[in-house]
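These are the structures, in structure tokens.
In the two complexes below, subunit A is the common chain; its partner is subunit B in one and subunit C in the other.
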Partner chain A sequence: MKTHLNTLYITTQGTYLGKSGESVQVRAEGKVLAQLPLHNLEGVVCFGRVGCSPSLLGACAERGVSVSLLTQHGRFLAAVRGNTSGNVLLRRQQYRLADRPEVALDVARRIVLAKVANSRSVLLRAARDCVAGDAARLDTLRREGGRLAASAPGLREATTIDQVRGLEGEAATHYFGAFDALLSPSASAEAFRFTGRSRRPPLDRINALLSFLYTLVLHDARSACESVGLDPCVGFLHADRPGKPALALDLMEEFRAFVADRLAFSLINRRQVSADGFEVRENGAVLMNDATRKAVLAAYQQRKRETLAHPFLEEQTTVGMLVHLQALLLARWIRGDLDAYPPFLWKG
Partner chain B sequence: MYVLVTYDIQTTTAAGRRRLRQAARACLDFGQRVQLSVFELKVDPARWAQCRARLLGIIDPAVDSVRFYHLGSNWESRVEHHGVQTGFDIEGPLII
Partner chain C sequence: MPYAESDLLPISALQHLLYCDRQCALIHLERLWAENRFTAEGAILHRKAHGGRPESRPSGRTTRALPVRSFALGLFGVTDVVRWDPAAGGEAVPVEYKRGRPKKGDCDRVQLCAQALCLEEMLGRPLGRGEIFYGRVRRRVAVGFTPELRRATVEAAARLHDLIGSGRTPQAVPGRKCDRCSLRDLCLPRLGPAAGSARRHFDRSLDALLAGEGPTD
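Here is the complex of A and B:
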């Protein structure tokens, strides 16, 4: 059984990562900042101007440590990986299943159902934590939660993948409509008001936070696919496009609300990030500053260490392992060991 | 599991200094240096067997010594640190 290993994040500009024996050595200005054994790591994520020695990249590829290169602001640039792991028969079977519309429809439906159910759990959980006096917030959370529940029958009856995508979009509208109500009133100063999803570039603080967290989850989902031997670029719900990690995106849908969105809101509600931790560019793009980025990374790593019981496997696990377990279940279904793919459902 | 490795290696001879360097390098392959000849290793049993065999192969039992303290998985409650911080928590957030 794979264990949840740590991920090393490098955000200091101008650092250089070298290989020393069996460990990564982080150097800057001639000084060694840290030395970490490779066997304790499952990933290295480099932000911006960070150098890596070829021998380190080789060693990482050989030991299954994924290395991702991101811009300083967290946009994905490249990933270094070794030989595709796992079994070619599994991957061939994945392609065959993805080519069969009725099979792809079934998985897509399951994934979207879980996504909607998890988004609903997030809203209802917030409603339960809501102080009694705040009737308007409570009302919004419950109402939109109810609307999300109502989209389930439609999803079950959908006959084409485009229908599923349409219903997913509709559910997302309801969910994001209740997004503002997730903020506790004291913290929801104008600075963190949510008006709608915006990407490339994010146009407000919440969107900057969300985009960054989604990149982190995607990095994990992609490594999860690779570590069980699946091709991260051939998905069921997301269409194939060169360079697009469709399967990793599929896998991520179940976790967006539960992992990323909840973390974004608790960071704001607990005042772990503040409005002045962001900078606004001339073109309207909103970016995090270095301190905020580090606070978010630390909180994300902390969240990954929290334990919970996996609803399908009925085993204690960590939040960080969830995406690996789902990738494993996906591989088992593709291999024919499971009748259907059981998506992750959070029991809020 | 967590293992604490400490050693005393005779450095009066060139061969002794060589053993000292080799032992430090072996420990750094598996864990982190917390004090000059004190290392904390987070290893699984298989890796621990490798590390142990390698260290025992390096030292000269006639003049050197090495000690292994098994701190188990609940090591946080068993370790207390004061003074300058040289190490890091290998299970905590690693952000540089």
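Here is the complex of A and C:
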């Protein structure tokens, strides 16, 4: 596995990526902007109108560097991967297990439990950081945190995937109910009020921010599945649907709150993004502008470099590495090396 | 029993096998590969060796990047360089380039010998010796294709076919070799059956987490 974990994000429209020796060469308007050695890269993510030379794509595929093509706003279009990833024996086993309802239930339950526990940790951490005297916020964070904990026994006893999904939905409602309390009052809180989850399109700023961050995490989860040889489209919690990266979505659940949501709120609370970095369209759809998108990408890269101890492996690792380690543990379990898949629990 | 063309395995897998069975399975069965500094540099060195044209030197003509295979061993590969030695009646001398320094085990010599056995089968004549060039120490080591080395090579090839044919990745046997293993982070050698139950670990951690007051740092 790569320990450097550099992902090259290209957001400037009209950029061209070529291969020069063993490096990626980034060019725009006839000028070479950067040159990065391929062996330091984990992935290349191109937003919008970005060109790649065939020889670069080939070299990336050969060296296990994933290249993803997204729209300018981050919707996944296509990826280039080499034939080094993908172990047919492992995938067959993955399909077999995913087809067994009792197995899928067992994994799905644990993934949602981890999601709920990690969401609760995010609320309680924010409660700790609350300034004294902000009783209303504190109260909301603690109350909803408590409700999240209360959903654990039900999840443990759920006997069908549908029950698990239902309880997950209930827990999400509590969690989102505490979202406004995650905003520090000093921030331009009004502009960032959460009006309920909306995706297509996002209808408020926080949703625009979250959607973009989820895209980034999902991209990493998808690459992680591919790089350990799993099929990102066959999941346990998420149902298969053509074109849906169900396993990557499964894997992502453990990280939504801990990585994406926390980052979104800290960007707002630290004023690294501001209300006028978003464009509100005639119909209420909210889009981020280029400067905000760049700021978010930089912050995300930074967050991925932070270190922590992996709870199960008991080794120091980075936030960026976590999703790879979890994909690896998933593969280990599918292959029969582990008796269960242990999702990531954020202990702080 | 000769192998079919579709069953041929890469000669390079032999060195992985001789290093560690699990590493070999991770790379060739599970198709995991960790491109690290060492493999990247190795790739560059190889590209140099494979890049050029045939050269004529007083020591004889050389051929680069010659594809070879053996149905008897069930192996295929590409030789770095083959020297055709005029002093020995044009006998083929395979030359392999290695980034590092000479290693303790057999693995470089077995790999070279596998190339030689492939060449023998294709040329229809015996080869006596080859050379390994070690980049780090810039030294050329002569390797005689002795009966012992040939036997070790044939055995390794058979073991390789057994491993790949089984479709199973063996459990890790952690040891000192793991410290230098490029697949260490993907292998997680400590995560064998001895590591205990992941299910119990998760359940216990979850209980502790939910009973607590959340993150503390």
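We adopt the following convention: the second predicted complex is superposed on the first by the 341 of 348 C-alpha atoms of A that agree within 3 Å, B and C clash if a C-alpha of one lies under 4 Å from a C-alpha of the other, contacts with A are read in each partner's own complex, and residues count from 1 in each chain.
One rule holds in what follows: a contact is a pair of C-beta atoms (placed from the backbone, for glycine too) under 8 Å apart; a residue touches a chain by one contact, two chains touch by 3 or more.
Because the structure is a prediction, the values reported are computed rather than measured.
Peer 1: Considering only the touch criterion stated at the top, classify A:P342 as touching first (subunit B), second (subunit C), both, or neither.
Peer 2: Second partner only, subunit C.
Peer 1: Looking only at subunit A, is it subunit B or subunit C that touches more of its residues?
Peer 2: Subunit A has more residues touched by C than by the other partner.
Peer 1: Please work out whether A:L8 is in contact with subunit B alone, subunit C alone, both, or neither, and reply first, second, both or neither.
Peer 2: Once the two structures are laid over each other on A, A:L8 reaches subunit B alone.
Peer 1: Report for A:R120: first if it touches subunit B alone, second if subunit C alone, otherwise both or neither.
Peer 2: second
Peer 1: Once chain A of both complexes is superposed, is A:E22 in touch with subunit B (first), subunit C (second), both, or neither?
Peer 2: both
Peer 1: With the two structures laid over each other on chain A, which partner does A:H39 touch: subunit B (first), subunit C (second), both, or neither?
Peer 2: Touch status of A:H39: both partners.
Peer 1: Output check: A:L313 vs subunit B and subunit C. Expected answer is one of first, second, both, neither. What do you get?
Peer 2: Second partner only, subunit C.
Peer 1: Touch test for A:F192: subunit B only (first), subunit C only (second), both, or neither?
Peer 2: neither
Peer 1: Kindly classify A:F265 by the partners it touches after superposition: subunit B alone (first), subunit C alone (second), both, or neither?
Peer 2: In the superposition, A:F265 contacts neither subunit B nor subunit C.
Peer 1: One more residue to check, A:Y214. First (subunit B), second (subunit C), both or neither?
Peer 2: neither
Peer 1: Touching subunit B and also subunit C: which subunit A residues?
Peer 2: 3, 22, 39
Peer 1: Contact residues on subunit A for subunit B in the complex?
Peer 2: 3, 6-12, 15, 20-23, 26, 33-37, 39-41, 294, 297-298, 301-302, 305
Peer 1: In their shared complex, at which residues does subunit B touch subunit A?
Peer 2: 25, 28-33, 41-44, 47, 88, 90-96
Peer 1: Show which residues of subunit A lie in contact with subunit C when the two form their complex.
Peer 2: The touching residues are 1-3, 22, 38-39, 63-64, 83-87, 89-90, 110, 113-114, 117, 120-121, 123-125, 127-128, 145, 149, 152, 227-229, 311-313, 328-329, 332-333, 335, 337-343, 345-348.
Peer 1: So in the complex, which bits of subunit C are touching subunit A?
Peer 2: The contact residues of subunit C facing subunit A are 29-37, 40, 44, 167, 169, 171, 185-186, 188, 191-193, 197-199, 201-202, 205-206, 209-210, 213-217.
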